[in-house]
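The same chain A turns up in both complexes below, where it pairs with chain B and then with chain C.
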Partner chain A sequence: MATNLRNYVIRRALLLVPVLVGVTLLIFAVSQLLDPYMRASLYITDPRQIRNIEAIIQKYGLNQPFYIQYFKWIEQVLQGNLGWSQSARMQVLNALINYFPATLELALYAAPLTIIVGIILGKVAAVKKDTAVDHLLRSMAIIGWSLPSFWLGIVLLAMFYGGLGIFGPGRLSTWAEALVLSGQFKTYTGLYTIDAILNLNGAVLLDALSHLVLPVTTLVIINVAVLMRVMRSSMLEQLNKTYVIAARARGLKEKVVIDKHVTKNALIPVITLSGLLTASMLSGMVITETVFEIKGIGYFAARAATQLDVSAVLGFALFAGTLFVIANLIVDILYAYIDPRIRLG
Partner chain B sequence: MFSRKVIKEESPRIKELKFVLRRIRENPLSIAGLAIVIFFTIIAIAAPLLAPPITGRDPYMIPRYGYSPIPQPPSPENPFGTTQGQYDLYYGIIWGTRTAYRIGILVVVASILIGIVIGALAGYYKGIIDEVLMRITDIILAFPALILAMALAVAFGPGLDSITLALVLVWWPAYARLVRGEFLRITSEDFVEAAKAIGCSDFRIIFRHVLPNAIFPLIVMASLDIGSVVLTAAALSFLGLGPPEGYADWGQLISLSRNWIIGTAQNPFAYWHVWVIPGIFLFLFVMGWNMLGDALRDALDPMIRRR
Partner chain C sequence: MVRKSVSAISKTVAAVIAVIIVVAIVAAIAAYMVTIPPSAPPTTPTTPTRTGVYIKNPEVDELIEKGIMTIDPAEREKIYYTLQKIYYEDVPSVVLVQPLGRHWERTWVQGWYYNPAFPGTYFYALSKSSDAKNPDTMIVATIGEPETLDPAWAYDTASGEIIFNMYDTLIFYDREHVDKFIPVIAEVVPSVENGLVRDNGLTIIFPIREGIKTHYGGEITPEDVEYSFERLMVMDRDGGPSWMLLEPLLGVESTRDEEGNIVVTAEQIDRAVEVEGRNVIFHLAKPYPLTVFFQILSQTWSSIIDKECAITHGAWPGTWENWTEYNNPAEPELQEADCGSGPFMLEAWEHGKQVSLVRFDNYFRGPAQLKRAVVKSVDEWSTRKLMFLRGDADIVYVPRQYIEELEGIEGIRCVKNLPTIQNDAIFFTMKIDPTSPYIGSGKLDGEGIPPDFFSDIDVRLGFAYAIDYDRLVNEVFLGEAKHVPGPGVEGLPFFNPDQPVYTLDLNKAKEHFQRAWGGQVWEKGFKIVILYNVGNEERKAVSEMLKENLESLNPKFKVEVRAVEWPIYLKAMVRGQLPVFIIGWLADYPDMHNFAFPYMHSRGTFAEWQGYVTPAQE
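Take a look at the complex of A and B:
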């Protein structure tokens, strides 16, 4: 069985190559909608090069057939050159690296919380199927699923920040930001809550956490509904299986049947969704970061989009697409590990 | 005796339809969803009566009463008040319903049409055609919808048409996959074999025999997607990729409220109307369609409904 799993992982990882080529082809196709003068920003590493734009067009063959352009572009991408971002005033790759910690920090709290809450609610709804609790949870799921995230963010900000004066936008309050940028505070990871712990600074930790409350709440409310639904229907499907009847017939307590037998099996489809959810959060929460002014890669991309900073938007899309493809790979491997039947397929 | 005879003569399709209608009637969520959808449909149709446009002007451009940045609260003349820049919020909401419907229906219908063509080609002819077409859908589906739509909208340049086109390009693969799956399932059935045997053309088999049997899942998916499309379009518009300022569009009205979340020192909710009203309308619209789509799925999906 172990070799089976290894073979599966190798086979699946090899499939990554054509998919990644496809992702780059799609981004390249989008870039082809632009005229060569705009596309030049995808190649330059320094704004001064703009002055001699014809040289760029010549060098990277921007007026040549698309397949030549594609290979010249891929060559640059593989070397880490995603072009120059006008809106961030730095290279796109550097911008993505600079803005990523804020996104990572937000996802670090929002993703696990969403997954745990979704699983618990879905389980409760399934066990209490067709009762008032189930109906209430399902109605809440429809509400959560229909709420515009940007509006929910605005409502939460107006209520808590505007009304009560707590949980402000941004990542830190002004005083904490000044402290973090000063020499007294060492930056290790760029994730302020973790850095604060490493610096043994409780005040900054509390401040960073309080700024995370509203965006994390928004993300949980928006995303939990889908997870809950899948968990609920997966639980119901498992509850109908004969092994449940057998377990009950053996006289197992209902709690044991639900927790040990049904829940474990019901979790399998939830894994896919959890993986994709994490990937979608890591690929930048464009809306949430914009509303709460959290300077992550989603914020960076949204600002770039409004300023028609093409290279930044395409670089960001390439990053997000790659992340999704890798997340899918990890989910598939995880599946094969949990469910031996998949390895044979 | 008479009633029994009627039941006997009922064709299975009519029986199925009656069963589905009963399922929809019995579900309170579907009634609520339907009511909300009808409410918005009436607003969209009656927009010229509810908020008469000034003749000779583009009816989708919201009239403004001055240029002051400070929003004015609801008053008898402006039932919903004005936004930043004195745009008439009531007018914007009413005509914004039309914008929402236009983009929702355009994107979904275009996606269905593309999806049917691509999905039918892949699912009916199989082989290399299937392989190539499905890999294309795989790649598009590998991206988060909002991010790809954003990149496309930037490439097309901001505007309502560019958002619509971007969303169609992002949305069709899901329909193509659905249609392909249905085609693979249906073409393996005996009646398709029989149609081939008596010499029906491919065109006739696809459109007269296979497609009608794949119509229910398409309806369910379309009704569930109207809400999502409108939500994503509003998000793009909120980010500033939508129509120019002053166009009746909910996403933009919400983005105009961003500077007025915090009220005055005396009243923290002084400008509540600019963020509450457009948001409620967008939310209700999406929820109505989601509830209706959800109920349709419950009623039409044989896998879950008889549980």
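Take a look at the complex of A and C:
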């Protein structure tokens, strides 16, 4: 089993190379459909610079043939240089390192909460099928799913921050920011809640957590519906299986049947979805990040895309592609763990 | 029993990847087909390629060049008054409005004052009353973020706002005045009277103050001053601010020609700024108005840099052997460095989020009252507004359409009608690219316009009289703009407030169109496409106003207003494809020259695209 697993992981890791080449080639090709003037507009930050656009095109080689530009980029990447991001005003690699912690911290709380709440609600809805509880949960899930995250975020912010003065935007309050930047606080991970624990600073921890309440709530409300519905369907499918009838016929308690047998088997599709959800959160939550002023990787990617910052978009594609491949790998391994019938071959 | 195998999943994934690669290759081939090959000739219209159509402005270039080389203010006034008259009579473009600024702050903010040449908030002048939230920290919530903290690279206001709080200049604007200066790193402001301006203004001497500490730990020396200006000229990046010093010091606008070859020598740069004891001496290549030169020296590109700090960060080492390697770099060398001596030091630049500054306690003019200053980039208005109302932002950028949401709220102050050094104008392209997709048939047959349509002054006047300027000011700018004559703006020295302006007058518009092109325009009509970039409400309003008014004059006049993305607009504008284009200009320094040149000189930013050239230059 251990050898199988190792071989499987190696194979999947090798698969990452064609995935990333394919994705970057595709993005690069699409970006080349925009002519050099459009790509050069990224470097025009002021109307006074417009007259230099031709020189800027020459300087950055934007009118060179596609393959030359792509191979130059590949050459840079192989040297560990992902290029310069004009939209982020820094090296792409530094930008990824700079923006990722904010997203990671948000996902660290939002993803597990979404998954746990989704599983619990889906399970309850399935067990209470066609009862008032089921209808209520399903209705709430649909409403949550239908709410635009932008609107929900603004409403929550207006209610709690605007109305009550709690749960402000950003990642820290002004005083905590000053402390974190002052040198009295050591930054280890860029995740303020984790760093606060490592610094044994309860005040910063509470402050960072209070700033996470609303964005995490928004993400849970928006995302929980899908997980809940998948879990419910999966549970209902399992409840109709013969092994459940047999277990009940043998006199097993309903709680044991549900918790020990049905739930475990029903989790397979939920795991797939959870993996994708987590990877998707880790690759950025543009709207939530924008509304709550959490400048994460989603903000970086969205800005790069809207400003036609090709280097940054390619860097992000490498990052997101790797993330999704790893997420799928973890999901596959979890499959095998939860259902021993599945072989990693 | 169902036997699931992950190998099957792998095969599926592999198949998907194969499809992606195939699609990518196809797209790549398609892309290559549309990519401009490197051997293609340059497509930007340049003066020599524009032939056949001229506008009668033979004296314009000469006057503009004379204006910037004239020292005597009275003489300059005459020149700029003449240029404004020509601008009105020749109508190469029409200034639509001079927008007015607004400043929103919490009432606990103290000491704020306005200078239109400032790129943002000058924190050294500010403090907060004790009842304020975070009384030691000033927080500005705005949009966008700096491009760089390198003074020799920065040309955008967001960068300038940070830089002018971190660095000092030789001299600086005296509070609100744009033409009075105070010494900062220089001990005195040079003048003819104090003997520091010599040789008819060609030699300007700045005695350097002693004991100015830098954030890097050093002290500002005359060599640092010399290095700062020489580095600005050595760097001269495309689209950067170096031309402002190159023009008076070397007599050129760029260190490179159009092919990118270096056209100045190390000796020229070295000789332009020299050190003698504690003095730094500027040798000007040509007579230059002292006030304009001082305005240039008071801006962020003239910041004084700690040389040792800059070199440590990989900037030009100050030697001449390989100086061209540091010319036009791809990236700013001092992107996040702090080599300044200003009242605030860089604490952190958290990209996309904020730049925070901390007080420099060793500042030679005494430490600032604020301990910290933070410029936050908060793109979402609702969030920015809530931060302002909760006191988590002290100064905030409020887009015009949201003004009503804040008016009358206690604890908030708004200073209105601030004069700016910018204007918006509509430009007529005299020689449109014949391949332009925006001129219909390309002929005067009622289904398009000929490329030289606007070379007839009656067409330009017809357009000028068909714009409802008052409606633009009141409905689009909500009263926050002035209708001023061009090409300058009110408040600048040598601006002629008595110069007439065009107003909406459809009868006059009709008269001019009836005369245009020997009556053919009126008889045959025309069809034209006016573009505006998506999201720009001002340009949209002007375009639609023109459509409405022109089509009301004659049923044969057809105007199509089309929204496009900014890069498309930019490309079409630069290539001379837009029959008319609407764009704003923010002056580099508050002088008429900085408007006259781009608007009227044949090498000016806009005039060049329009083909507003003189026969002599052709």
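Please note the rule applied: the second predicted complex is superposed on the first by the 266 of 345 C-alpha atoms of A that agree within 3 Å, B and C clash if a C-alpha of one lies under 4 Å from a C-alpha of the other, contacts with A are read in each partner's own complex, and residues count from 1 in each chain.
Here is the rule we use: a residue touches a chain if its C-beta (ideal position, glycine included) is under 8 Å from a C-beta of that chain, and two chains touch if they have at least 3 such contacts.
Everything numeric in this text was worked out from a predicted model, so none of it was measured.
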Open item on the list: With both complexes overlaid on chain A, does A:V133 touch chain B (first), chain C (second), both or neither?
Closed with: neither
Open item on the list: Between chain C and chain B, which one touches more residues of chain A when both complexes sit on the common chain A?
Closed with: C
Open item on the list: Just checking: does A:I330 make contact with chain B only, chain C only, both, or neither of them? Give me first, second, both or neither.
Closed with: neither
Open item on the list: So in the superposed three-chain picture, is A:P148 touching just chain B, just chain C, both, or none of them (first/second/both/neither)?
Closed with: first
- [ ] Using the superposition on chain A described above, determine whether A:L26 touches chain B (first), chain C (second), both, or neither.
- [x] both
TODO: Check whether A:I50 is in contact with chain B, with chain C, with both or with neither, and answer first, second, both or neither.
DONE: second
Open item on the list: Quick check for you: in the superposed arrangement, does A:L209 touch first (chain B), second (chain C), both or neither?
Closed with: neither
Open item on the list: Contact-wise, after the overlay, does A:S280 reach chain B, chain C, both or neither (first, second, both, neither)?
Closed with: first
Open item on the list: For A:Y60 in the superposed arrangement: first (chain B), second (chain C), both or neither?
Closed with: second
Task: First (chain B), second (chain C), both or neither touched by A:A302 - done: first
Open item on the list: On chain A, which stretch or stretches are contacted by chain B in one complex as well as by chain C in the other?
Closed with: 18-19, 22-23, 25-26, 30, 33-34, 154, 157-158, 161-162, 290-291, 308, 328
- [ ] Enumerate the contact residues on chain A facing chain B in the complex.
- [x] 18-19, 22-23, 25-27, 30-31, 33-34, 139, 142-143, 145-151, 154-155, 157-158, 161-163, 233, 236, 240, 280, 283-284, 286-287, 290-291, 301-302, 305-306, 308, 310, 313-314, 316-317, 320-321, 324-325, 328
Task: chain B residues touching chain A - in the complex, by the definition given at the top - done: 29, 135, 138-140, 142-144, 146-148, 150-158, 227, 231, 234-235, 238-241, 254-255, 257-258, 261-263, 268-269, 272, 275-276, 279, 282-283, 286-287, 290-291, 294, 304, 307
- [ ] Going by the contact rule at the top, pick out the chain C residues touching chain A in the complex.
- [x] 1-7, 9-10, 13-14, 17, 20-21, 23-25, 27-28, 30-32, 34-38, 40, 42, 44, 134, 137, 139, 145-148, 155-157, 238-240, 260, 328, 330-331, 335-336, 347-348, 350-353, 356, 372, 374, 376-380, 382-383, 386-387, 389-390, 392, 566-568, 570-571, 573-575, 583-586, 588, 605, 608
Open item on the list: Using the touch definition from the top, list the residues of chain A that touch chain C in their complex.
Closed with: 8, 11-12, 15, 18-19, 21-23, 25-26, 28-30, 32-39, 41, 43-56, 58-60, 63-67, 70, 84, 88-90, 95, 98-99, 154, 157-158, 161-162, 165, 168-170, 173-175, 177-178, 181, 290-293, 295, 299-300, 303, 308, 328, 332, 335-336, 339, 341-345
